[in-house]
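Think of it as A, B, C and D in the order they're written, each chain with its own count starting at 1.
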Amino acid sequence: MANLTLVQAINLALVQEMEKDDRVLLLGEDVGLNGGVFRVTEGLQKRFGDHRVVDTPLAESGIIGTSIGLAMAGLRPVPEIQFEGFLGPAYDQLCSHAARMRTRTRGGLTVPLTVRVPVGGGIHAPELHSDSPEAIYIHQPGLKVVMPSSPYDAKGLLIACLRDPDPCIFFEPKRIYRAFREEVPEDEYVLPIGVARTVCEGDDLTVVSWGASVVQCMQAIEASNRSVELIDLRTLYPFDMDAVERSVKKTGRCVIVHEAPKTAGFGGEIAARIMERCFLHLEAPVQRVAGFDTIMPYYKLELEYLPDTERIGKAIEETVAY
Amino acid sequence: MANLTLVQAINLALVQEMEKDDRVLLLGEDVGLNGGVFRVTEGLQKRFGDHRVVDTPLAESGIIGTSIGLAMAGLRPVPEIQFEGFLGPAYDQLCSHAARMRTRTRGGLTVPLTVRVPVGGGIHAPELHSDSPEAIYIHQPGLKVVMPSSPYDAKGLLIACLRDPDPCIFFEPKRIYRAFREEVPEDEYVLPIGVARTVCEGDDLTVVSWGASVVQCMQAIEASNRSVELIDLRTLYPFDMDAVERSVKKTGRCVIVHEAPKTAGFGGEIAARIMERCFLHLEAPVQRVAGFDTIMPYYKLELEYLPDTERIGKAIEETVAY
Amino acid sequence: MPITTAFQTEIQRVSILDEHGQFDAELGDGLISNDDLVRLYEDMALCRKLDEVAFKLQRSGRMGTYPQNMGQEATSLGAAYVLNQDDWLVTCYRENCGLFHRGLPPEKILLHWMGDERGNHIDPELCVTPIAVPIGTQMLHATGLAWASKYRNESRIACTFFGDGATSEGDFHEAMNFAANLDIPVVFFCQNNHWAISVPGHIQCSAPTVAQRALAYGMDTIQCDGNDLFAVVHCMKTATEHARKEGRPFFIEGVTYRLGDHTTADDARRYRDQDEVDLWTERDPIVRIREHMKSLKIWDDSKEAQLAERVEEETSAIVQRAEGIEAPNDDDFFTSMYADLPADLRRQMDTRRTSSIGEDPSQIENPQTA
Amino acid sequence: MPITTAFQTEIQRVSILDEHGQFDAELGDGLISNDDLVRLYEDMALCRKLDEVAFKLQRSGRMGTYPQNMGQEATSLGAAYVLNQDDWLVTCYRENCGLFHRGLPPEKILLHWMGDERGNHIDPELCVTPIAVPIGTQMLHATGLAWASKYRNESRIACTFFGDGATSEGDFHEAMNFAANLDIPVVFFCQNNHWAISVPGHIQCSAPTVAQRALAYGMDTIQCDGNDLFAVVHCMKTATEHARKEGRPFFIEGVTYRLGDHTTADDARRYRDQDEVDLWTERDPIVRIREHMKSLKIWDDSKEAQLAERVEEETSAIVQRAEGIEAPNDDDFFTSMYADLPADLRRQMDTRRTSSIGEDPSQIENPQTA
């Protein structure tokens, strides 16, 4: 066991998979000598050579499009997109090709790639460096979408993605890249995609969240004097609706927390599913604490935008009191 | 009044606005001499000249990106994207720039453009010619999203978009481009963005839908012997939640119908909102009849995918019986 | 010196067998053996015939939209002829002739346009990717595929086809740029057929040649008469040798013409003159080879008649195979989504005929007690 | 003739005042008047100083990430000097010098990097677009802006700036291609500073010049020493005349160097040699002009000292203006989303401090009776 940050856990997962499987290669902007702008790939080019850790031209569609080719040829490319705000130019290759190749060819060609992308706000970054576009990719059939909130989960889920036969988007909440450390086994291990983690148990209300917001939820729950169950979805497609259902059937109340804009965000889907599955158990409408339907403001105001412990705490109170 | 198809109503709206306002210009692939692959812009180049109806290079990001520049300079560009499946390459310019320019510059620069895009399935088209990506753009703050289901609405809403000071995506349900005719006033008129249309009234259940699905809903309602209220949202952002709320508070039951994949589709948002606003009035969980979480299959199977009167009818029955 | 020369270049154009039957022996002799020439001619004839048949299938409602290849047979055929069997062939939708030469069963192409994904399920031994619908996107896949063979120290390369319109897309640029800067052996073959649906070539590229697109990347480039099978073969040999030896990409512009409508959904008379079509009809790549073979005395009218008969039979057999396939299994569009069907998607599949309520059959069975 | 020449070209490189003080009088004389030269020099000095100050602001936690312009002042300045006041200037983030010359209050730039959108609220008379964060995207806007002036028969053109890395993006290609094929008067100015963060230039463009990117579009193109204000001005004059007269685009590659880190979040020592930095430090565009002015006897050490003092004062005033602004109104990020705030968004705004339940205050007041 080692006490690792999220960044270190991801780096470790990459090292271990690259050692084990020479089909794994990394590509992206500044991932080589520089080790990525967040240093997630630090040391990897030195260790594995510049044919396995490749600095590419500055072109996100090119990074994903060539990764699709690499993957169709049987390799396991791990492209990095530098910030979630720059997934935009790659949207078409991801959604028109990566997500469709298997079904288009009825299994003849497959695209086992894992896109790594830092995600979310709270780091005082410039515009387009603080967004949360996960709903877009959850809505696109054919992709898997993962967003861990802890070093331990990050390692196990990243290894799961790297071994998955289908295209995965691995969102890395940059706000907690180095926010805390956790014991992470040095041996490799795989966490299944599609299984949530119950962070803490409780009876009054269920909180469902993912990514860096999970940390805000933990703080809000700690500050509250309700018995709250916190579910970290961890993987967003497929997602563990059964865990949510079990919990909400027990508590009868639920608050969903995410950074992305509320309207047509993934919280709406979870809320709708809870209604579908737990209708007769619900004692209050499911509430969402989310980003507003505005552009994430520049950093002077970003904390006004992000769900914080105060807003989450209030939602818990109101929902319990309903 | 003239008895017009959807295509004709759109063409008429374009003609009238172009005559009235010489800031309006059309651009896109094949929109000129050819009149667009669906002939929506038929005759316009001849009438207004090739500086106002411009065939562009085959590049969707270029079409939207240059339109942003045209709009920032005070013109009213109306780019056409040939099929919704080719919005992908333009995603970044739409979401990173068109949607953000006003708030980025605190009102200094604005982007009054209207992207016209045929949308949806059911016409036996090839791959990527039958999708329904509206949720993606609803989730993006800063855009307005419109999808009419009738010639009358199409004309009034398109004129509203063309005059709107903010970027609009005007989705044209291609399945009903020529499916039926309707009386459309020859004079110009504007329908407000953000106001739904109650297609028919009823007491047992509310159906909420938009685009070509509205037609399927009408048929299903006709075939059912329930008293069903049908709300055609018409505009998807902003959308008329008040109309939905009023109706569901009356009926206590609701079915939402759309072509896009169910998970993280716009139906989830509507369902969540209904729970938020009408919780104590609901007698059954809100149901969604939607596309499956699969890629829209090639046309041999597309009717298996699209919500049809049978599935809608069943949902109405089940929800009323709940 | 205040003004110096920073860069200088020129681009060549190759033509070996022109539309008047003139044949350049220096470049042309020995390029294609007589036996091969006959075989290639037969390939073109089959492809042309299938185009005709497909058109009729569409018109009679037996097939969806179909893009004819007519007039452009020599480009992809010449490429497939020169490539090794294990080189990746990454095409768009006007390369039937090359694909059939590679060994793709022609009914696969028909199935695709009949709205059936099984048309894209292709024997991996063929090293062929499916028809690419979103214009300009597949060249990046070719670059990735060739990169994989470089990564593995294999000698396989990739050859990708696309139209003049496709060169306007950003992805075209990124594919060229990746290949040039990361030293990836891809042959980029542009079929400049002068039109992208109704939009004329100069709106896509107002430069004197499309070939010069490659100069932006420092990539070797050449233009050829794309209706001249010999010129195509000559350029492909140069290109593939370069790619294999230097590990570098190469660009070929094949100047050709779309003799038919864009697709069966199009009516080209709306936007182009018959004169232009007539001019290019005279430059037909098939006629040219036929006349050349006749002049070589390896072809005559009776062989032509026999071929016509054979081609007729073959195309009906192809249509029969395409139309004779069992109806698709409508579970397939669920089960082919992921290697392992997620539980939620399985539930959608399983309940799609029985219920729509929460996709959860248990709720319906006991609605009040769930 | 089987092999003919389809295309032939060459690209020029312009250098007028080199790093050794050599000045080409033939091209250089009269290009910039002495008065102007002094003024331009002062602009560069201010810009350089502000870079220093901004760096310190970031290090002391008073500003977010900031990209220094150091070493690249001559490119955008030379461009802004030649452009008309109503020509659009569509920049990236290393064009402070040109923007200040145009009249942009420097505190706007600081405000942007201090995480404040008011830094992007720019007087429309300045005809300037805000800092562009997503690389490679703004050139399309420049093309659209220039298209608008063509549409209106105005003589305004647009000039857009971007880095070597930006030329790898698909949008770069599309902007160039639109401008070339639709005849739109845009000057495309690439600041080739040899690096895109840690990625060296040859990964973005392995061709001998970036200038040749333009050949793909049949666009006129030139390379210049981007650290040579005279060469930049010379090329900009050629380019703007061409754009205005022919209504056609023009490409300029300014060869320069980023003397600082990519941004304050970067540490360039991780990936590049000090030798290279030293070499380019000797090619500093500011030093070059200073020495030239001294040789012209229009500058001396006492003037330099006075300038240093003035620049010191000015920069502190700028910082004061940037830091002295009132806190942003936190309604602004709602109210600036649309011309008319949609009702739903207004509700989010109004209830954001009071409730999260359905954003509907009425529900909370009487939860059981709603």
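To be clear about the criterion, a contact is a pair of C-beta atoms (placed from the backbone, for glycine too) under 8 Å apart; a residue touches a chain by one contact, two chains touch by 3 or more.
It should be emphasised that the depicted structure is a prediction, and the values quoted were computed from it without experimental measurement.
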Inset, instruction - Enter the minimum step count from chain B to chain D; a value of 1 means the two chains touch. - result: 1
Inset, instruction - Starting from the Cα centroid of chain B, hunt down the chain whose centroid lies farthest away. - result: D
Legend entry - Inter-chain centre distance, chain C versus chain D - centres from mean C-alpha coordinates, in Å: 42
Inset, instruction - Quick one: report the Å distance separating chain B from chain C, using the average Cα coordinate of each chain. - result: 34
Inset, instruction - Let me have the rounded angstrom distance from the C-alpha centre of chain A over to the C-alpha centre of chain B, please. - result: 30
Inset, instruction - Two or more other chains in contact with one residue: find those residues in chain C. - result: 117, 134, 168-171, 174, 177, 181-182, 203-204, 332-333, 337, 344-345, 357-358
Inset, instruction - Would you please write down the residue numbers of chain B that are in contact with two or more other chains? - result: 56-57, 59, 61-62, 85, 88-89, 92, 96, 103-104, 127-128, 141-142, 237, 263, 273, 276, 279, 285, 287-288, 292-295
Inset, instruction - Select the category (line, ring, star, complete, other) that matches the graph of chains linked by touching. - result: complete
Legend entry - Of all residues in chain D, those that touch chain C in their complex: 1-16, 24, 26-28, 168-174, 177, 180-182, 202-209, 211-218, 223, 231
Legend entry - Touch list for chain B against partner chain A, complex: 61, 85, 88-89, 91-92, 95-96, 99-100, 103-104, 127-128, 135-136, 138-142, 237, 260-261, 263-269, 271-273, 275-276, 279, 282, 284-288, 292-295
Inset, instruction - Would you tell me which residues of chain C are touching chain A in their complex? - result: 88, 117-118, 120-122, 124, 129-130, 134, 137, 140-149, 151, 158, 170-171, 174-175, 177-178, 181-182, 332-333, 336-339, 342-345, 357-360, 363, 368, 370
Legend entry - For the chain C and chain B complex, residues of the former touching the latter: 64-65, 112-117, 133-136, 165-166, 168-171, 196-199, 203-204, 265-266, 270-271, 327-328, 330, 332-334, 337, 344-345, 348-349, 352, 355-358, 364, 367
Legend entry - Of chain A, residues touching chain C in the complex: 25, 51, 54, 56-57, 59, 61-62, 65-75, 77, 89, 92-93, 96-97, 102-110, 141-142, 144, 164-166, 194, 237-239, 241-242, 273, 276-277, 279-280
